[in-house]
Each structure stands twice: as structure tokens, then as C-alpha cells.
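I have a structure I would like to understand better, so I am pasting it below and will then ask my questions one at a time.
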Amino acid sequence: MSVRRSRVAYAFIAPWAVGFVFLTLGPILATLFLSLTDYDALPGAETSFIGLDNYRQAFSEGTPGTALLNTGFYALLYVPLSVVIGLSMALLLRRAGRATGLLRTVIYLPVVTPPVATGILFLLLLNGQEGLINAVLGWLHLPTPFWTTDPAWIKPGIVIMSLWSVGSVAIILFAALGDVPQTLLDAAQIDGAGPWSRLRHVILPMISPALFFIVITNTIASLQLFSEVYTMYFGAQTTNPPEAALFYVVHVFEEAFTFLHMGYASALSWLLFLVIAVVTAVQLAMSRKLVFYRGDA
Amino acid sequence: MRLRLPVGGLASILVLAACGGVGSDSGADEGSEGQIDGSITTLGFGGEDEIGMARVRAVEEAYADLDVKINSGAFDEQQFLNAVSSGNPPSLIYLPRSELGTYAARGALVPLTECIDQQSIDMGQYLDSAVAQVTYDDEVYGIPEFSSVRLLLANTDALQEAGLPADAVSVADWDQLAQSTRTLTQLGSAGIQRIGFDPKIPEFLPLWTAALGGQLVSEDGLTAQLDSPEAVQALEYTAGLVNDQGGWSEFKAFRDGWDFFGGQNQFVADQVGAFPMEDWYLDVLADVSPDAPVTALPFTDTTGVPLTYATGQAWAIPVGAGNTDAACAFAATMTSTDTWLAAAEASKADREKSGGEYLGTWTANEEADERILDEVYEPSGNAALDDAVQVVRSVQSVAVVDPPSPAAAEVKRAWEDASLRVLQGDQTAQEALTQAQEEAQTAIDEALR
Amino acid sequence: MTAGQLAALVSSVVVVLAFVYPFWWLVSASLKPREDVFDNGFWPDPLQPANYVEVWNQLPITTWLFNSLVVGVAAAVAVTVSSALVAFGFAYFDFRGRTVLFWCVLATMMLPGVVTLVPTYLLWDQLGLATTQVPLWASNLFGSAFYVFLLRQFFKSLPRDTLDAARVDGCGYLSMFWRIVVPMSKPALAITFIFEFQASWVDLLRPLVYLQDPELFTLPRGLKAVLDQFGQGGEREWELVLAANVIATVPMVVLFIIGGRYVVQGITISSGDKE
């Protein structure tokens, strides 16, 4: 799909470029500058330029590292599961026939359920002793950990809560599945390919652009997870936030707004940026072999 | 070598401040000398309930030329810092007293000496503990509102069943308390059935430390004392209580499963023996389970003298806000005895309209508290609740508080994390608090730099 | 019934139960009297629809709903149109700096928004717009990295032959975009609109920081004012809070039911392919 028409292309890109220069770039550079100061967002105190001290502090303190490990662990669990479960549900939707509309709405319901309610609800559902999830697990003779209080199970508990909203992933993949040409599937079937084979050799390559998008954006989002965790374990009505639930951006938020170390928080943010950029670059590099664009033939 | 940047310079690097934002109109700012007019805005005051609305009405009646804009919603740091950064802070902020020191130490709040003088505010009418919390470096930075204290709530049915007298769960004798806890606790194969005594750790560590005569932070808020012998002993003891009752994970999970605000709460469902709690929970009980088997007792120190831990809110004036005279008048009127009385009447009428009980209002204004109890409050006839009200009254004046500290949030986080590490069995109390002490003191020193 | 169909049926039932439950819990709890709200009972007993009446009377829900609607539609329309244009630029053309620029697009997703909050606020303040609803949607006029990326992936999946054929017929690029690409991309565009509307609908942070005048409050901002009473010795009216939350959710569900139909589509035009 490579039509060499730079000027037209720039015209299409222009809206984003204008916004980037005038709205986005300024604040981004400001935070980079602030990360080299001890700014605390209040006018009263004097702010000094302190060079790389914030960055040094980030490496010498244990908390950022712990927070990053927590976040990384969560991302490693969540992203693959979201793809697998999302795809399964999208495939299910494709076969649903008349129930498609209903099913589609149903899987999107958790996404529209207000965060307030979701937070409260999950603390109840995940409760080690009284929660519904453990009730079901117990009935199936599976282990019933203390999802909300046992440090080893807090992150998996948060993964479960995040997976509830996998409807968004499913919808995107469902749309992508719609673009898989029926002719190819028919041809494969005629050639004797079974359902798994059709999945592997026809469907997955055809939806690989969407899958790739999901992996990248879910990874970036996971590494920046904030609201859900903050509501469940750090909000105003809670006390005793367990260190196992300290996600990186939660730590950044607290440093910025609770402890008033805005400069340090900016440095922490830029360090996360680097981590995410590296991870994304790796994923992009791997995608060259795995993603197939029909428009690129 | 450090380059000092004037803050003005920093602001101009980012952007120039412009009109708009949370502040008052630049037009009718100061008003003429002595006259209270123009407009003021507040941040952090909910004000939607009867007690809030009645008092705001009182201010509006007292100052007809003053336009009061309440930006409703709890104090949010993001909201506040954005407003301040753009050079348009609200006229008043309403925030928990424990957070005041942090802003005062960074020069973000206006010292209220002049204001108090001008409005003839009698600081003596407020509780000593509340005034201590709003005083930083010998200057007053806030006008206190509300005083929420902690008392012991005991499940009388459980005590009776175990053949224990009410004072078996008294905090005066820690050995006896541990013994009673073991008796009252019921562990089962399906998990905990009843918690004997919930010490509410980490939250109430300051209270337990005070029971031994110690303090987590020095009076002036500048020296952390987290590894003091009293703190270590308090943490060790309370963590021990939790361990005797099934261990932290199970203990907390069971507690989280209580229908805390509902009709099947832990007293009705016999899930707890006793625990210390904030006084507002009495309102909840009166609402959903007025006949629950509850007795209120004062928390005490180890010699049996009543003791409590108090928290509350305060009004403060951010630096750079306009119309400080009006802001000051607002705060003074909101917390005056007469205004509180009117608010109490309104609250009582509202409660009775919905079939509930009025259990008094604890205002941090001692004079108002007494008059409310004498003139507005009427005993409900429910012995448990009536006695509880008297207990709350009796402990208001013996409260310990968190001293105003430049790094309040970080100090709190340090001892909370330490407590959790001990509860989870990762460290001993001594190890955990030694670590916390270092973290806390570093934070305080950093903040003062 | 084949084994496959049975499996699909069972899975569907499980999915429905699992996914409907949170929403059911919310609705059920919102219809209960205060002391029962957290009792986890399946059915409200007694049923208290008066909660909704009281919410409607006590809170300016209509104002908040209207504001949320205005802001949501503005945000969703703006982001769909602009992101589609930008995404098409990245998908169809090869040009100098394409990789670098696309990396810049992705990079804007990688810095946590927590720390850009204050500088961004100051920027809007300098424009004199810091107390209006404008900052809640105006940045969408310039596209959003997430949707640019999403739409770029979908556009790149379109068969090249069809688009080239249009060019051969003398179509200008913009015309080709509107007349060919857009109709073929309805699912992706519908998803963009719905997702952004949803994001705007539940956004609390921006209304909290930018809006001062209660007349301009969106739903989450309004509900926060109600919810925050609990922390101040207030009324603890849980049942009303949950009822308000349900009311807040209804428009989103309706939107999704309507918009969901656009998400279903196969390819309609392609040379050599049939749907």
C-alpha cells in the first residue's frame, strides 16, 4: 500500500501534528524539565534545579523497583490472558446466530459498569471467605486463596477484575473477524482443514493487525494501570494499602499529589516511558514476521 | 552546586497565569476596609448535608453582600494543586487537619494571626487537641471543624455468652485483654466465625502507642519517633492479638466480609467481640440496627485513664487567594457556637423526619458541644445509644492527635507499611519500625530543606 | 446438536452469567433499602424503587446527563473524524518520516498522564478555557494515539485492489477516503465512537480539575459531590449513590445496543472476494 505522495500524506496527518506541537509537546517537555528540579507544585517554596538527583533517587530507593515488578508481573499475566479470552469470546460471538446482539451487549456491560460499583463489587466477589469467586472455586474443588489480603494473590485478583472488561478486546477482534474473507475459509475447508487449522492458518493471520494492536495497547495500558487499583486499595475510604498492590503509576501519583514531590514523580514517569518504549520496540520488531497486512501485498 | 530558580521564573517558563480558575473575581476583591463583600470560593467542602447547608445559610444571612461559591466534593489534591499552580487558588480550602501541616510547611497557607485578631475569634473555644493540629511552628493556619473520636464498641451478647464482664475487653489491662480475646474468638473449619477483638491495626497504632504514654511523632511534628519502645511494644502486642485470631490474611478477609453498614452487621450477626471505632459508626448503628447488642466504652491507657484519638477538618486560606477578609469571616462564622447550634437543630429535625435518632454533633468547638448537648440533644430512650453519647462527650477532651508535620502523609505511610509487614510476618515489630523511622525522618528532613 | 454447538451453548451461558452478574448486582443493590444494600442477596426484598425517585428529585441528574451527553458526543465525533484522517495517512501512504512520526504517535501513549496534568492545565488556563467544558473534548480534534493506531490497523487490512481501482477511476484522495474507505470501515469507526464516548462518559479527573460551575458538571463530577459526603460525617445514602450510578449507565447501554449493529459487518466490496 505504498503510494509515494508525501504532501498528501502530510495533509492527512496534519490534525495530529498540529495538536502534537501545540497541545501535547509543551506539557511533555515541561515534565521533562521538572524531572530535573525539586518542584512541588506549590508557589510558596523555592524550586531548585537539581540535575539528575531525582533519577538517582529512583534507582537507590527500593520502592520504584518493587512497583515496577508488581506492574510487570500484572502485565505478563493480563495481556496474554486478555488476548486468549477476548479472541475466544469473539469467536463465540461469531457463532452466536440470533443471540449475537444480546451476547455482544452482555460482554460489554462490565465495561460500562461505573468504576465505583465495580470496585466495591470486586472487593466483595474476591473476598477470601465470603466471596462468590471462591464459592465457585470451592465447588469445583479448586484452591480458594485470599485474593484481597494475601500478598501473593493480590495481583492475580486484580487481573481477574481487569479480565471482566475484556469485552472491549472481544469487540475489536469481533470486528476484525468480520473482515476475514469467507472465500478463504471456504477454500480451506474444502482442502480438508479442520477448525483448529483454519484458525491457525487463515483466521489468525487475517486478524493479526488487530491482534497486534491489542497486544501493544494492552501492554502499554497495563504498565500504566492506575484507577482500578487506586480505587480498590488506595482510595480515601481504604486504609492499609498492601505493598503488593503498589503499581508503578500509583506510586507516581502518590509521590506527585500525596507527598508533593512533583519533580521526582516526573522523573519516575520518564523512567517508565523508557521501559515502555523499549518493550514496545521489541514487540514492534517481533511483529515484522508475525503481522500480515492485506493492504501491503 | 545548586541553581536556585525563583518560582516566578518557573511559572513563566511553563505558562503565564491568566484569568479564570477557582479564585474569586479580580473585580470586587478586597472590598473596602472592614466590609465583607465580593465573592469567595471554597474547595473541599461537601456541604450538601444539613449540618453543612445550615451553616452556609448562617454565613449568607450574616453577610448579605457576600457571594459564597461552594465547590462541592471532598478535598482533592489534584484539584487544589492545579488551581494553585495557575495562580488562582480558592479563597478557602477545607481539608483534614492532619494534612494541614504539609501545606503550611511549604508556605502554601496564610498564617491566620491577623485574621483571628480582626474577626475576634476566640481560639480558646476550640478543643486544645484541635488547635494543636492547626498550629505549625507556633502559627495558627486553620480554623477547626469537627472532632471525630474513637471509642470501644463491645458486643454484649458475645460477652455474656462467654461469661465475661463488660470490662473484660477494657484496654487498661493488656494481659487480660489478650485472654478475653482468646476466649471470645471462634475459629471454625470453614474459616473464622467470630473475631474476639479487632485492634484496628495499622489505623489505630497512634492510639495504642499513646496508651503506653508514647507518641509516634514529636509534638512539633519534626521528629519521628516510630521506633520508640512504646510504639514497638504497641505494634508487637496488637499484631500478636491478630495472630491469635487466625493470622492477618484470614482475619482481614473475614472482617472485609462483614455487612458493616447494613442490617446484618457484625454485632447483629455475632461476628465480633469488641473493637475500637470512630464515633460516626454510632449513627450507622442507630440507623440500621438500633437494637443491636452494643455497649460503648472509653478507650483507656494502661492505667485505666480514658483516652482517645481524634481527627477532624479545618478551614485554611491558601496563599495568593483574594478577599482574605471575607474568607476569614466565613470561617469564623461557620465555626461559631451560634451557627453550630442552628446546624444541630437542622440536623436533628432532618433525622427525625426520616425516622432516625439525633446523636449529637461533635464540632471541635467545646462551647458549642456543651450547648448542643444541653439544648438540642434529647436522649432517645435507647440505653445503649444514650450511654454511648455520654462516652463520646467524656473523651473529647482527652484526645491525642497527629501533630502537624511537614511530611504527614509519608510518615503515616511509613508506619502503616511497617505494621503490615509485621502483620504479614515479614519482619518483627522492632525491625519494621526501625526501617519506618528512617523513612519517616528522611521524608521530614527532605520536606524542610 | 453437535459437540461444537453444545460447547458453544454452554460457554455462552457461562459468559452471560459471569458478565451480567456485576451489572445485576448493581441494579439489585440500587433497589434495596439502605440496610440491605451490601447483603449480597440476589433479589431486593423489599423492592424499593423509591430510591430512583428520590435520586431524580434530590439531584440535578438531568443537567448532569445533558452535560455528559454534549461533552461525550463532541469528544467522540471529534476523535473519530480526526483519528480516521490521520490513520489513513499512516496506512495508505509511504512518506518521508513515516516511521518516526508513527513512533511519535505511539510515544504519546507511553508517558503517564499523571504528571502532565498540571502543565496541561496551565496551558488551557493560558487560553482562558480552564473553567469551561472545552478541555474535556477539544484535544480530540487532533486525533488520539489509541484510535489512530486502531484505525491504521483496520485501514491497512483493507484490500489494496479496491482502493487502487478507485484511484484509477480518477478519485481524489479525500474523495476516495470518504466514499470508499469510510463505508468499508464502519465497524472500526463505530468502535472508535463508542469507546471514546464511554471514556468521556466516565471521566472524572478532567471535570474535577477544570469545571467550577455546578451547571457545567458532568455525571461523574456530580456524583462525586454526592458520594464524598460519606467521608465527612454525612448521610451515607448508599442506595441513592448506586441508583444514581445505574441512571448514569443507562445511556451508555442504549448507545451500545444501537451502535453495536454497526460493529457487525463483513467486507462488501472487493474484487474477487464475495461476502
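As written, the chain order gives the labels A, B and C, with residue 1 at the start of each chain.
The working rule: a residue touches a chain if its C-beta (ideal position, glycine included) is under 8 Å from a C-beta of that chain, and two chains touch if they have at least 3 such contacts.
Because the structure is a prediction, the values reported are computed rather than measured.
Which chain maximises the distance between its CA centroid and that of chain A?
Here the answer is chain B, farthest from chain A.
Could you tell me between which two chains the number of C-beta pairs in contact is largest?
A-C
Just curious, how far off is chain B from chain A if you go by their C-alpha centres, in Å?
Comparing mean C-alpha positions, chain B is 36 Å from chain A.
For chain A and chain C, what's the span in angstrom between their mean Cα positions?
Roughly 16 Å, centre to centre.
Send over the residues of chain A in touch with two or more other chains.
30, 41, 124, 130, 236, 262
Which chain C residues reach two or more other chains?
38, 118-119, 123, 231
Where in chain B do residues touch two or more other chains at once?
Residues 14, 74, 78, 81, 85 of chain B touch two or more partner chains.
What residues of chain B sit close enough to touch chain C in their complex?
The contact residues of chain B facing chain C are 14-22, 41, 46, 48-49, 51-52, 69, 71-74, 76, 78-79, 81-82, 85-86, 88, 146, 148, 259-264, 280, 283-284, 287-289, 313.
In the complex formed with chain B, which residues of chain A make contact?
30, 33, 37-50, 123-124, 127-131, 146, 148-151, 236, 239-243, 254, 257-260, 262
Flag every residue of chain C that touches chain B in the complex, lowest number first.
34-39, 117-119, 121-123, 125-131, 205, 208-209, 212, 214, 221, 224-226, 228-229, 231-236, 238
Tell me, which parts of chain C touch chain A in their complex?
Per the stated touch rule, the residues are 4, 8, 11-12, 15-16, 19-23, 25-26, 38, 40, 82, 85-86, 88-96, 98, 101, 104-112, 114-116, 118-120, 123, 139, 141-143, 146, 148-150, 153-160, 163, 173, 177, 187-188, 191, 195, 198, 202, 223, 227, 230-231, 241-242, 245, 248-249, 252-253, 256-257, 260-261, 263-267, 270, 273-275.
Which positions of chain A touch chain C when the two form their complex?
On the chain A side, the touching residues are 1-6, 8-13, 15-20, 23-24, 26-28, 30-31, 34, 41, 88-89, 92, 95-96, 99-118, 121, 124, 130, 132, 164, 167-168, 171-172, 174-176, 178-179, 181-183, 195, 206, 209-210, 212-213, 216-217, 220, 224, 226, 236-237, 249, 252-253, 256, 262, 265-266, 269-270, 272-273, 276-277, 280, 293-297.
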